[in-house]
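Once you scroll down, you'll see the structures, which are given as structure tokens.
Two complexes, one shared chain (chain A), two partners (chain B, chain C).
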Partner chain A sequence: MSEDIKARRRWMGLLARSSHNAIRARLNDAPPLPPHSRLRGPETGLVMLRGRAGGDGSAFNLSEMTVTRCAVTLEDGTVGHAYVAGRDRQQAELAAVLDAALQNAALRPALMGAVVEPLAAQEAEHRAREARKAAATRVQFFTMANMR
Partner chain B sequence: MRPGFTDPVQDAQSCFRAVLEAMSRPGRVQVLPDGLNPPAALHPATAAVLLTLADAETPLHHDAGAEADSWLRFHCGCPLASPADAAFVLAAGQPPAISALAQGSDEEPERGATLILQVSALETGHGWRLTGPGIAQEHRLWVEGLPPGFVAEWRAQRACFPRGVDVILCAGHRIAALPRGIRIEEG
Partner chain C sequence: MAYVAVKGGERAIGNAHAWLAETRRGDTDVPELDVAQVAQQLGLAVDRVMAEGSCYDRDLAALAIKQARGDLIEAAFLLRAYRTTLPRFGYAAPLDTGAMRIRRRVSATYKDLPGGQVLGPTFDYTHRLLDFTLAAAGEPPAPAPEVEAEDAEAPRVTELLARENLMRRDEASEVEPADLTRQPLSFPAARPTRLQNLARGDEGFLLGLGYSTQRGYGNSHPFVGEIRHGSVTVCFTPPELGFEIEIGEIDVTECQMVNQFHGSRSEPPQFTRGYGLVLGQGERKAMSMALVDRALQAGELGEDRTAPAQDEEFVLMHSDNVEATGFVEHLKLPHYVDFQSELEVVRLMRATAAEPEKAEP
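Presenting the complex of A and B:
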């Protein structure tokens, strides 16, 4: 996979896991977003999640999940996409606009610094906090097998 | 990339109603509302009909070029297929022979393809005399921009009825339909 696709996958994931308010708050320090028009949505629907039973089972339908998606285009023709869990249409549209803007090499450094990296730091901090909380309640079980 | 319908649900429903009217009253021209800005190769009516009818379960064949290709695949989400396998065939230029398209079978005639023909003008009141189901006496339809052999091909497919191909004619914002049971007389 090329570096571009890896980077885009990372920022799309961060924007999707964040929230509308968190992204909006970061945008205060960022350059203004370019004007856009909607190609599709934002619209909410269901996505089938597929799972695999054991290591050798074939895929089965695990459950359905509510997803909101949006596609926008900028004036230069760049298309941005967003798929966001839940029903937040504003977040989906904002994430799609940011995805389009981040593909523009001139806008990318400023937006990465102002929006994407702070969101990544926030997410990493949240994960570390949750991991610490979980670790504090860890119980060691001793059995005959590992006491020997 | 250009946007599709402004209001996907309402616009697709009103376009579906127009296609239904056109199919049930062959040769009557239906006028679709304004408001769609499709790629240059597609007329607004052609684009609206495809947005309404084509989806992930209907293979499409078209000859409308690269811009229309990406637009159709994005907004309709339809797979592309060869003319013989396609459920919908869009002909913006020279149409394929009717006999080369999916005809369905005697048990499942609904599997016959629908040919969406983009023509330069559609007018009622003169031109072809159409008779058949859905027409009380006769309807007159004048179509500009069809290849010369079309009427002969149309007559040839009547021998295979109920197998065959239905045609939707699109010009600008206007559509008319020719279900496979219709007889066309020139004059």
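Presenting the complex of A and C:
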């Protein structure tokens, strides 16, 4: 997989796991987004989630989840996509516009610095806090009989 | 006789629904419940409605609970109905529960297991005494304690046993699993079909069936190999992109039940497993699902099928509470024509039976 696609997957994932408000707040420190037009959506639909029997066996269909998708194009023809869990159409459209803008080498550094990296830091901090709370509930059980 | 439709009653129905709305709101001197409050503070009810409504969306489930006045089966029904209005974008990649960001993970089989035992936010070890301080709205509780976390891998307990060849491995076939939202249930049902059915099945029904296996109806000697709860990443490959992306993160609960197996002609004695995977934090449901999943493997393992929990037609046909409630509750709808015909039949039979007596003296 090329470096470009790896970088794109990373920001698409971060934008999907974030929220409209959180992304919007980061945009205050970013250069204005280029004008765009909608190619498709934003529209809400379903994705079927899957699990595996025993965690590692055959796949099975678990349940659906709501997902909102959007595709936009910039004036230079760059196409941006977003698939975002939930029903937030504003988040999906914003994520699609950012996906398009981030593909532009001239816009990328400023948007990475103002939006993507702060969102990544926010997520990492949230996950680390959860991990520390979990670690505080780690137990050592002692059995009262000798184990054979 | 088939069901015969009735007409009329529009005004009464409209008025009944207006009264329902008033009753739902309750005493207007009490502040109205916000959907966000339901989503945040009744999280386990939300989890259950998402699991049984078979649709992951916390806000929709919370709205359904508010609309249904807290009737969780009615709420699951509302969610199921809503999902039929949405297009299907496709299938996600199977969730990697091995890479779960763990909030809770316990094992009843190993005291010291790699990755450790993490209690997480649990009702276990509480005293089940009513806490009257919750009745008096006060300050929010102090933040939960934090300690520095080691970056420990948490391999599956079943994998530890499988490495020693003491655990029967689940065969991973890459065959596309059947989808109950697309194809009706047929028998015999493959394990992926059974797991989909159980994952959306009624918690109470599965709890009762799971309990029955412990009490000797299809005894399967279970141990909790592992329960884990936390967040997993959802990955999806949009066809227009051609590569996989992460589209969000969801909470799930997984249970690996370890069971005895005496072996068969073709297999040595070893442990077998039952599997449960449920949306949200649904430990009781995940455990019950794992017990029932194991019981339903009786046929494949060459065990006698004697108990209700081992009878896949009985289990799978009756596990869905939306279907069950539809058929049970339809009995209260007008059946005047059907009943009239039954009434006439009974009167006729009685008259026929009485006639010979008249003739006798």
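Criterion: the second predicted complex is superposed on the first by the 138 of 148 C-alpha atoms of A that agree within 3 Å, B and C clash if a C-alpha of one lies under 4 Å from a C-alpha of the other, contacts with A are read in each partner's own complex, and residues count from 1 in each chain.
We take it that contacts are C-beta pairs under 8 Å (C-beta built on N, C-alpha and C of every residue); 3 or more make two chains touch, one makes a residue touch a chain.
What you are looking at is a predicted structure, and each value in this text was computed from that prediction instead of being measured.
**Q** State whether chain B or chain C is in contact with more residues of chain A in the superposed arrangement.
**A** C
**Q** Using the superposition on chain A described above, determine whether A:109 touches chain B (first), chain C (second), both, or neither.
**A** Touch partners of A:109: none, neither chain B nor chain C.
**Q** For A:32, using the defined touch cut-off, is the partner it touches chain B, chain C, both, or neither? Pick first, second, both or neither.
**A** In the superposition, A:32 touches no partner, neither chain B nor chain C.
**Q** I'd like to know which partner A:16 touches here: chain B for first, chain C for second, both or neither.
**A** In the superposition, A:16 contacts chain C only.
**Q** Determine, under the contact definition given at the top, whether A:77 touches first (chain B), second (chain C), both, or neither.
**A** It touches chain B, and chain C stays clear.
**Q** Pick one for A:131: touches chain B only (first), chain C only (second), both, or neither.
**A** Touch partner of A:131: chain C, not chain B.
**Q** In the superposed view, which residues of chain A touch chain B and also chain C?
**A** 43, 71
**Q** Residues of chain C touching chain A in their complex?
**A** Listed in rising order, the residues of chain C that touch chain A are 50-51, 54-57, 59-60, 83, 86-95, 97-98, 101-104, 111-112, 116-120, 144-150, 156, 158-159, 169-175, 177-181, 191-193, 195-196, 199-200, 233-234, 236, 238, 240-241, 243-250, 252, 254, 256, 273, 275, 277, 279.
**Q** In the complex of these two chains, what residues of chain A are touching chain B?
**A** Answer in residue numbers: 37-40, 43, 71, 73, 77, 79.
**Q** Applying the document's contact rule, which stretches of chain A touch chain C when the two form their complex?
**A** Interface residues on the chain A side: 1, 5, 9, 12-13, 16-17, 43-67, 69, 71, 81, 83-87, 127-143, 147.
**Q** Which bits of chain B are touching chain A when the two form their complex?
**A** Spelled out, the residues of chain B in touch with chain A are 1-4, 8, 74-75.
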